[in-house]
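Per-chain numbering from 1; labels A, B, C and D assigned in written order.
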Amino acid sequence: MKKMLVLLLSLALVVPMVAGCSGSSTTAEDSDVIKIGVFEPLTGANAAGGELEVDGIELANQLRPEVLGKKVELVVADNKSDKAEATTAAARLIEKDKVVAVLGSWGSSLSIAAGDVVKTNEVPAVALSATNPQVTAGNDYYFRVCFLDPFQGTVMANYASKNLNAKKVAIIQEVSNDYSVGLAKFFTDAFVKLTGDPNAIVATGNYNTGDQDFTGILTNIKATNPDVIFAPGNYTESALIIKQARALGITAPFIGGDTWETNEFITVGGADVEGAVMSTFFDDTNPLTEAGKTFVAEYKKAYPDRENIPAVTALGYDGYMMTLDAIERAGSADPKAIRDALAATVDFEGATGMITIDANGDAQKTEAIIKVVKDGKFTYLDSVTVQ
Amino acid sequence: MSLLKTENVVMQFGGVVAVNDLNIDIKKGELAALIGPNGAGKTTAFNVITGVYAPTKGKVLFSPVDSVGVTNEIDITARKPNKITNLGIARTFQNIRLFKELTVMENVLVATHQNVDFNFLSATLRLPKAIRGELKAKQDCELLLDRMGLIDLKDEKASSLPYGQQRHLEIARALATDPQLLLLDEPAAGMNPQETDELTDLILKLKTDFGLTIFMIEHHMDLVMEISDHIYVLDFGCTIAKGTPDQIQNDPKVIEAYLGVDADVED
Amino acid sequence: MENIQHRFGAYIKIHWKTIVFLGVVLITIGLLDQFVDSYIRRLLNLCAIYTIISLGMNLVNGFTGQFSLGQAGFMAVGAYTVAIFTVPIEARATIFYLAPMTPLLANIQLPFIVALLLGGLVSAGFAFLIGGPCLRLRGDYLAIATLGFSEIIRIVFTNTQTITNGALGIKSIPTITSLWWTYGIAIIIIVLMILLINSSYGRAFKSIREDEIAAEAMGVGLFKTKMTSFMIGAFFTGIGGGLFAALLGTVDPKQFYFTLTYNFLLIIVLGGLGSISGTVIASFVVTLGQEWLRFLDEPMAFGLDLPIFRPGLRMVVFSALLMVVVLFYRKGLMGTNELTWDFIGKKIKVIKSKFNRKKSASQGGDNK
Amino acid sequence: MVVGMTLETFLQQLINGLSIGSLYALIAIGYTMVYGILRLINFAHGDIFMMAAYFTYFGIAVFFLPWYVTFFITIVLTILLGVGIERFAYRPLRDAPKTSLLISAIGVSFLLENLATYLFSGKPQAFPNFPLMTNPINFGSLTVQPVSILIPIVTFFIMIGLLFLINHTKVGMAMRAVSVDYDTAKLMGIKINGVISSTFAIGSGLAAVGAILWCMKYPSVLPLMGVVIGLKCFIAAVIGGIGNVKGAVLGGLILGFSEVLMVAFFPALTGYRDAVAFIILIIILLFLPNGLLGKKQVEKV
């Protein structure tokens, strides 16, 4: 009896699935809505980042809900911070929901996983904050609105060398995170070049995502007495690293990348992350463009209780707006036409700056924002231009 | 000629001596019995012989006839149980240990696995050699099951058999390993007098038909006295007597052990 | 002689229904391959791959009774082997942009099928190395040791930058899209499993599951037999991992976190530890079910804006399902039974008789 | 002094090792006690630890309860959780094959992780700050947080307390009896279920204490935080000899020291740190299958 129940239960699971598949929806052309896929991690390790980008996309959608006289509908798919799920989620957006373009994902590896799906199905995708060069490399259908790791690494190396006068730097990288490893490498290259000292990196510590105890590597680093510690990586681990460094009596300033700019970095790090410096894409107190000012005003209207605006939210906003701009220029909701229009984007005015898409599909950006944690807030410090 | 000898075997668990200075000498072709009160260390002795436990001290020697008919004395002390089975010692268990979810036929077939002369690839791909081997094993096992009166049940799950037949199946399975020495651990446990009688006949028949040497642990004294050639009596791990059934029946130490006369009275 | 011939036939007896069934399956795959879109295709491919991997796991856990939790690691080995040896040579420089690939491997490219087989073999090789220390351990120690090895493999792959490209992973792996690759291999592996399980080796595996001590006393070498099962299981899993890499087109170490193994654990528990057909059915149920249950993660499920429907609910339901199966349907769908024609016939009979006896049927039947 | 490590650095590393090792030890005791009685790897133990961290977080940061009230509530809730898990997920399977029990444990662990992700979101929560415990003190050139000293002390006293409980009280005697043989213990009139429940209560209570101390030192709370910690602490218990309280403490310390010292002496290998525990485990199991202080177990045939 029990077994029959299980069998029935399983059938109940599978049958609607198959039925649902076969009766899939109408094609894009004859519908009066244009569907755009939002491909983000809403659960799992990257959930926090995913939610922030979705905020920006949804805000943009409220501001500009129509294009070509048709309603734009967002279809959100959770890629669970997991690659296998990511490819299925991307395929689902394209095949089942018939989206004409995809936005996302937070986390370069998830975007890379979806790369193949969008390429073979010939549907364009716009990465928002994925900074790994491999996202767009060799893929004509992936674009992005943010800058790349090599750029960010160079920016921080410049900052460390010029503004902080650092001669000796220690690096702490999250070995299991492609973003962190990449940034550490580009930083190293740029910093060694700037100082001309091949031994300018005095110590390197590795950790894995999810680690909580860093006292071992920090004690080693303390012994080398660096001027600055560069620790790109996940915000939770980074905040814990800084806390433990301070508890061990390390006073050297910490600098990092854009992933630090989340509220959790400050809530977890507390007073110890005061003075931590990071590069990022956007600053709400100093919008670079008119579009940026509009975005800030609208964001404050939509979320009056939030203090500062995360850069990735601005990128989400830009990704949506740029895609709609491309649809308008293409004059059709045909994915291929949208792709061509996206590739031809020149001087699109985004909230995070002017965007011109280059041959690789990357946004050519020359300006990065440097922020510092001050009084428990991310505060504008400087903007750096690197060619 | 001895088939199995143990020399001064001692088995200790922590501080407990389960078997102390065991010296057994089983001649080829005889039926020997190991008796003694509960907890005397009988099953432990079996476990040492079959390699389940490595003895703390002492040696176990086995003299099987090999495939070309030559007899060699082999030291099997602390060898792996399956190696000892390969050499020709098979056993049954006091608390039946059949492969419950497997069929009767499969239970017996498992015991022929040690003789496979083909590897898993040819078995999986059903190469001719494997097919021949499997068919041969099946034929042999069918004969054996027929012999044990289990042939009609060959596709039943072992766990579904009645108790008495499970005992029979255990013996059939042990015989399928093609042993020279068969160790039976309380084969008649839980049987009524009629079943015990039948079992007695069966054991004697198997012994002659298969040319076996049998060593068994048994509590049914009638059975032991009736069919044994030699009897060893264990108490508290020590061999307190050995000899023919007649000698044992009249040994005061045995009577004492079984009747529980206080030791110091005798001393 | 005649007798042998007859028995030969009986030994590899194939029911005509089986041939018809196989034909239907093949035609279905052919039709699906022609007509489904890439989303369904991806799901169906995943079902086949999960079937392969779960069979590898069930061989060790279900048939041999060794509780191993190393699936994710063996998958990783297979996946990386395929990735390393099939990525186009010209793409390698851009993929290994932080540190170039070691010159030993940089210029070797193999055809997919060769790389796939190699993946299975390397995985079996790892199983050999791991099995040495692990298979001598008692049940739950084996679980934790295999889990540990799977983590070690992942950590090593994270750190060997010039071979595996570390955390960056490998992308641009030539992908497979046709259902024939995955289903062809899955069918071959199912057939091999059936043949293996019904051979002397299969019986030896099962005897160890049933009672190690008795098996050993019957002359079955525990270590050698467990090792054989472990290596074959790893081989299948490696093949599955290789297909997985080729399906996704990209691999990185984070994919092979040990919780991935729980997926396959759920499949084999639901299908029945020690049942091939159960594993196949459960692979489909779990893979498709997991996708179908996505509506639980959407705030607007059933057109109602209920706050309980939000991301994460699906996994809660899923893990609860595992608990329900373990607690109340311990034997899963099939137990150690197989979906043979005899089995189906018996079931139909049981159902029929129940139907006839309507009321008196409440206690009888197959609830053992 | 010029090349390699200075004495201060070495001492600092030793303190790091002692502190993390004692935390491992505290959690390992829970594993060892449950294993001793049920012969089960309680895969959910790490997740019970995680839930305890959330209880404390909610008590202080969300409901603004005083810390002592929160700690008390946390310990009580965690004990209820642990005992509840045993009652509903393990007890029904007591006569089932061991594999089912193990799968059930994995299932509970998986369920708790997913439930926590669903209820509390995957984002980290900041554990409240305890300045008295975390503001570093200097001893010469050594810098130590008070909590790092508190942890080994708490662990030591808990160990002493437990050893007393096990060896000199009625409950402890019952536990020892049950751990040797259920049936005999039953014949002796011991209430098996009661003993098992109290074992889970103690184990979970210790997980709660461990979680509070852990979060004081590493103040972020995440749904998956218990996974790796749980595995490592189980390994610590195995190293010391599972079923043995002193062994668990010893194993925890060995694991803590080896991790930190590997980082100290082989900085290039820091990426492999998480593999250390597993490598030690396999070495120990190969050469000392019963751990450092464990008793030899003989299987009954």
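The rule is short, and it goes like this: contacts are C-beta pairs under 8 Å (C-beta built on N, C-alpha and C of every residue); 3 or more make two chains touch, one makes a residue touch a chain.
All figures in this text were calculated on a predicted structure; none of them were measured in a lab.
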{"item": "Number of steps on the shortest touching-chain route linking chain A and chain B", "value": "2"}
{"item": "Chain labels contacting chain A and also chain D", "value": "C"}
{"item": "Remotest chain, chain D as reference, centres from CA atoms", "value": "B"}
{"item": "For chain B paired with chain C, centre-to-centre distance based on mean C-alpha positions, whole Å", "value": "41"}
{"item": "Averaged-CA centre spacing for the pair chain C and chain A, given as whole angstrom", "value": "34"}
{"item": "Whole-Å separation of chain centres (CA-atom averages), chain B against chain D", "value": "47"}
{"item": "Junction residues of chain C - those touching two or more other chains", "value": "155, 158-159, 213, 311-312, 315"}
{"item": "Touching two or more other chains - residues of chain A", "value": "43, 47, 175, 206, 208"}
{"item": "Sequence positions of chain B contacting 2 or more other chains", "value": "52, 93"}
{"item": "Chain D residues within the chain C interface of the complex", "value": "39-41, 89, 92-93, 96, 98-100, 102-104, 106-108, 110-111, 113-115, 117-118, 121-122, 227, 231, 234-235, 238, 271-272, 274-275, 277-279, 281-282, 285-286, 289, 299, 301"}
{"item": "Residue ranges of chain A touching chain D (in the complex, touch as defined)", "value": "43-45, 47-48, 175, 203-208, 210-213, 215-217, 219-220, 222-223, 236, 239-240, 243-244, 246-249, 264, 267-268, 270"}
{"item": "Chain C partner contacts - residues on chain A that touch it in the complex", "value": "1-7, 10, 13-14, 16-18, 20-21, 24, 42-43, 47, 76, 78, 82-84, 87-88, 91-92, 94-96, 109, 112-113, 115-117, 120-121, 132-134, 137-138, 174-178, 180-182, 185, 206, 208-209"}
{"item": "Contact footprint of chain A on chain D as seen in their complex", "value": "5-6, 9, 12-13, 16-17, 19-20, 117, 121-126, 129, 134, 136, 138, 143, 145, 214, 218-220, 222, 224-225, 227-229, 259-260, 262-264, 267, 270-271, 273-274"}
{"item": "Touching residues on chain C, where the partner in the complex is chain B", "value": "4, 7-8, 11-12, 192, 195-196, 199-201, 203-204, 206-207, 209-211, 213-222, 228, 232, 274, 336"}
